[in-house]
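Every chain is named by a letter (A, B, C and D) in the order it is written, and numbering of its residues begins at 1.
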Amino acid sequence: MGELGVEHFLSLSAALFIIGMMGVLIRRNILIIFMCVELMLTAANISLIAFGWQMHSLDGQVFVLFTIAIAAAEAAVGLAIILALSRRVHTVDVAEIHELRD
Amino acid sequence: MMTTSETTPSVADFPADYPSTGSLSISEDRTLDDGSHLITLNMGPQHPSTHGVLRVILKLDGEVIVDCDPVIGYLHRGVEKLGESHRYAQVVPWTDRTDYVAAPLNNLGCVMAFEKLCDLRAPERAEYWRVIMAELSRIASHLVWLGTHALDIGALSMSLYCFRERELILDIFEAFCGARLTTNMMEIGGFSRPIPPALPGMIRDFLKIFPERMKEYAGLLDANPIWLARTKGVGVITQEAALSYSLTGACLRGSGINYDIRKAMPYLVYDRLDFEVPLGTYGDVFDRYLVRMEEMRQTIKIITQALDHVEKMDTPLMAYESAYVIPPHKGTMTTAEDMQRHFVWVIKGFSPPVGEAYVGIEHSKGELGYYVVSDGSSLPYRFRVRSPDFVNLGVLPHLAQGAMLADVVALIGTIDIVLGSVDR
Amino acid sequence: MPWDLIIFYMLAAVCIAAALGVVVATNPVHSAIFLVLCFFNVAGVFVMMGAEFLAVIQVIVYTGAILVLLLFVLMLVNPDDLPEFHQGKPVQRVVGGLLGLILLLEIAIAILNREVVGVTGTATPEAIAAVGGNTQAIGRLLFSDYLLAFEVVSLVLTVGVIGAIVLALPERLGEKVVQRKGTISLGHARGVDMEALGEGTPEGEAPILSGRGGFAKASGGRKLVMTNDPDEYTGA
Amino acid sequence: MDEPIWLKFIVAFVIMNVLLVGMAYMTYFERKVLAAFQDRMGPTRTGPKGLLQPLADGAKLLGKEDLIPGSADKWVFFFAPLVVFVTAITSVAVIPFGTSFDVAGQTINMTIADLNIGALFVLAISSVGVYGIILGAWASSNRYSLLGGLRAAAQVVSYEIILGLSLVGIFILTGSLNLGDIVAEQSRTLSIGPFEISNWFILSQPLAFVLFLIAAVAETNRAPFDLPEAETELVSGFHTEYSAFRFSFYFLGEYIAMIVMSLFASTLFLGGTDGPGSDSHVLLGILWLLLKTILFLFFYVWLRATLPRFRYDQLMGIAWKVLLPLVLLNIVVTAAVRLAVNS
């Protein structure tokens, strides 16, 4: 570990991804789940750039650009759904939303 | 939304949680049927643009107002009750304190009510001077309205320009009666003091300056897209609504209803003066703005005519022949009889005949009515003030529903309230 | 220890701490603040990998737009609808933690034992500097090899925006008010008459910077009706 | 980038302090200009011609009681003003105050951080500044503040788009996001027939310039786009509950953001340090930049003195229905012209 290598970035990416995943599993507030999903996406982005950085390739960065764009669209739609949910069923607790299905 | 029905709906017709005015409290937030969460916003009584101490409780859905409830009474000083415990001549100064931005107009209404009670009329020359002072006061009042209304909507400089011109009018008042704000200018029976020789010149100067300045205001606001966007189509009062809320003044005429007391029931010498009444077409904030601006121009016309006329006159200013009028001050220094008469009038006041009188005048804000009942004593039995902005303020909830938060300040401004007059 | 390693550890430490904060914070707004902090440091990490353009995009899009929107929604949503600290049921918590640990182990093994099988690309730092920098290099790649993907992504964004608008649009309809003119006057038999008057159409939304209404018109392009007679009807 | 790091710190330190003093006197400038607009005197009592007024204001602000509402979120409440201040002052790092010059054997680069993505950096930082407003508004637990925060969030996100896209035309013409390159591009003189005109982007991108100005005013929350703090509606909006030291950070942040936005606009559209004699004298270049900046600052004050405030829905309507199509049109036209000229 004497030199800054791709392992460092991958480890960081893994840590962020797992924290995000645990957040999704543990929390019930839909907004926090949303944030954790964003965290996981970012973790994936770090990996993509890290590999590209190691292999002297820019493809990883282009992928990340697309990911960010898709994440923006996802955020817009997701947040709109949350807003609509809050208006219609008065909760953003996923467990309760689940119960409202039937 | 106003519904016109044959019978007045009773309280029982509405469900308990029906959003009606007068029922809002700041402690409860409410959720609408469609799930929108309402925020309660308590606006005032300490708020920069509620024109004093008006308090408005708003229920907001985001920025849109669902419900609005004006709460008044923070400036209530019991002017009507005070009027019933003072002798007639002493009541007039209290009226200064109701609509304090247009004190001479208040004085005028009160004095005219008392004169009607005593069946007495001021001399013609005094009536001309009353018209001049009342119309100057109307401009002063409209300038405060314009300045604060524009300031509320965000045009910062407007207020300073307006107060600059208002200073000129206040200087005229000061030269005329010695006071600037609470003038106590009108007296029962005319004017007991002579007109200062410099006064006509001061008024002429003002008449020369003001139309130019009016052009500046209009140039700053009329052609301003943001001003148009903020005022056009906002706060529309339909004619039905204007009538059913008994609006008067520019709020009524802005909706296109032709009712100006100076024309409809001419008092003083208004029937001898040539002026026009502006009427709006759409009844929105911008129409009321245009109406008031045009009123100021017409007022200039009125003052010019009245001044031209009165400067040639050399008749008395006071109806001294009446017993209800304060005796001349001049004789008190030389003869005992005059001094006694004066003394008795001042100490005991006068007792008008038993009866009642109502006089409504066209105040800058609408119909200002004074209703006096005399039981033959030297104190009014009943003294009632129909203040125009109190009545006009009633339309605020109607206007505010469905408007946006930023519109509320525009609406409060367009109704043109002075809390001293609303609360009395 | 070299400088870049120290900086990386600093960034990574803050990043992970902030990420933990996102998950643990009781208040969603605090979570969002932690997420902003985390993304900022991720941007720093991007810079360390030579992805300056993406670092800035990360800040502009994620922190500047997505999280602002998130906070916006957080403030719009009724606070009562937000459960205060609904940790999952104990089973959920244990399973979540366990799965996370297993995944961490797997990934750790993968990272430590991995071999490079790909072919080294051509985008060496020298090559990137030759075309003018990271931004230019990405731009060239984006508009040559990835042009189709780029177009598809723009389409997705457009659809996303429209979808969001449709979802969040409240159903409100403006009411049209028909305007009339009339008079009340003591000189008139009924006092009020509004029948004989023409109907005006109300002005809708006032024009801003548009042709209608326009600039610099006297009286805002509107005319007042001037009347001299109290009994005069002021219609058409 | 060859200069030692301590020299960088000195340059940064000097520029930052100049900026802070400039901010203080920006308030004085605003009050005086506003007073002139409004037919009054402005500050006159503190020092000659009121010149010490900013210092007095500062001393007063620091001496006030620092109130924190009981129901406020203390940490966020504490943290939010700093965000506004720090982000405002950070963006100045990429503004080129001239090219490098040599003093005592050291080459001093007049840009603190000569980033390749300088223009985007300014945008990114200014988009982060809104957190200070939103979080401060939320932490105050005051409804006026909350509404101000909501308005700020929607406004900044919308106008950020206009701000960014209005610069794309410049990027197309320059081929670089580096502010130094953009200034260099504008320093060229074009000869059209017998005339020699400078290549300032205000001439080739007039529409973008207008759009940028509008968006910049909205981005800095100044009149007529000062909805988040609309004092006549929201009673100062997001900083209703702030006082004393914390309030002064918001205040500093707002004015520094204005100055930075003006510097940014001068750099992008008015040639930055370019001007007669700026090639040979670095200081003359800085002077030109300052003059242009003051021009923009005057524009800010002018707007404030003249225009009423927009309503929230109108603000949004303008951004999405008027400005966005225009800014896209500008990009398309610029790209087409560039293509036509190149081929």
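We adopt the following convention: a residue touches a chain if its C-beta (ideal position, glycine included) is under 8 Å from a C-beta of that chain, and two chains touch if they have at least 3 such contacts.
Keep in mind it's a predicted model, so treat the numbers as computed, not measured.
Averaging Cα atoms per chain gives one point for each, and the point farthest from that of subunit A is the centre of B. By the count of C-beta pairs in contact, the leading chain pair is A-C. Put simply, the C-alpha centre of subunit A and that of subunit B have 62 angstrom between them.
In this assembly, the C-alpha centroid of subunit B lies 48 Å from the C-alpha centroid of subunit C. Averaging Cα coordinates per chain places subunit A and subunit D 33 Å apart. Look at where the CA atoms of subunit A average out and do the same for subunit C: the two points lie 16 Å apart.
Touching of two or more other chains is recorded for residues 146, 150, 314 of subunit D. Residue numbers of subunit C whose C-beta contacts span two or more other chains: 53, 57, 65, 69, 72, 76-78, 134, 170, 208-209.
The set of subunit B residues touching two or more other chains comprises 31, 34, 36-37, 62, 226-227, 229-230. Across the interface of their complex, subunit C is touched by residues 1, 31, 34, 36-37, 62, 64, 218, 222-223, 225-234, 236, 238-239, 243, 255-260, 263-265, 276-284, 286-287, 290-291, 294, 402 of subunit B. Those residues of subunit D that touch subunit B in the complex are listed here as 34, 37-40, 143-144, 146-147, 150-151, 223-224, 226-227, 230-235, 304-314. If you check the complex, the residues on subunit D that touch subunit C are 73, 76, 79, 115-117, 120-121, 123-125, 127-128, 130-131, 134-135, 138, 146, 149-150, 153-154, 156-157, 160, 164, 175-178, 314, 317-318, 322.
Only residues 39-42, 47-49, 60, 62-63, 150-157, 160-161, 164, 220-221, 224, 226-227, 229-230, 404-409 of subunit B touch subunit D when the two sit together in their complex.
For subunit A in complex with subunit C, the residues that touch the partner chain are 1, 3-4, 7-12, 14-23, 25-29, 31-32, 34-36, 38-39, 42, 45-46, 49-59, 61-62, 64-66, 68-77, 79-84, 86-87, 90-93, 95.
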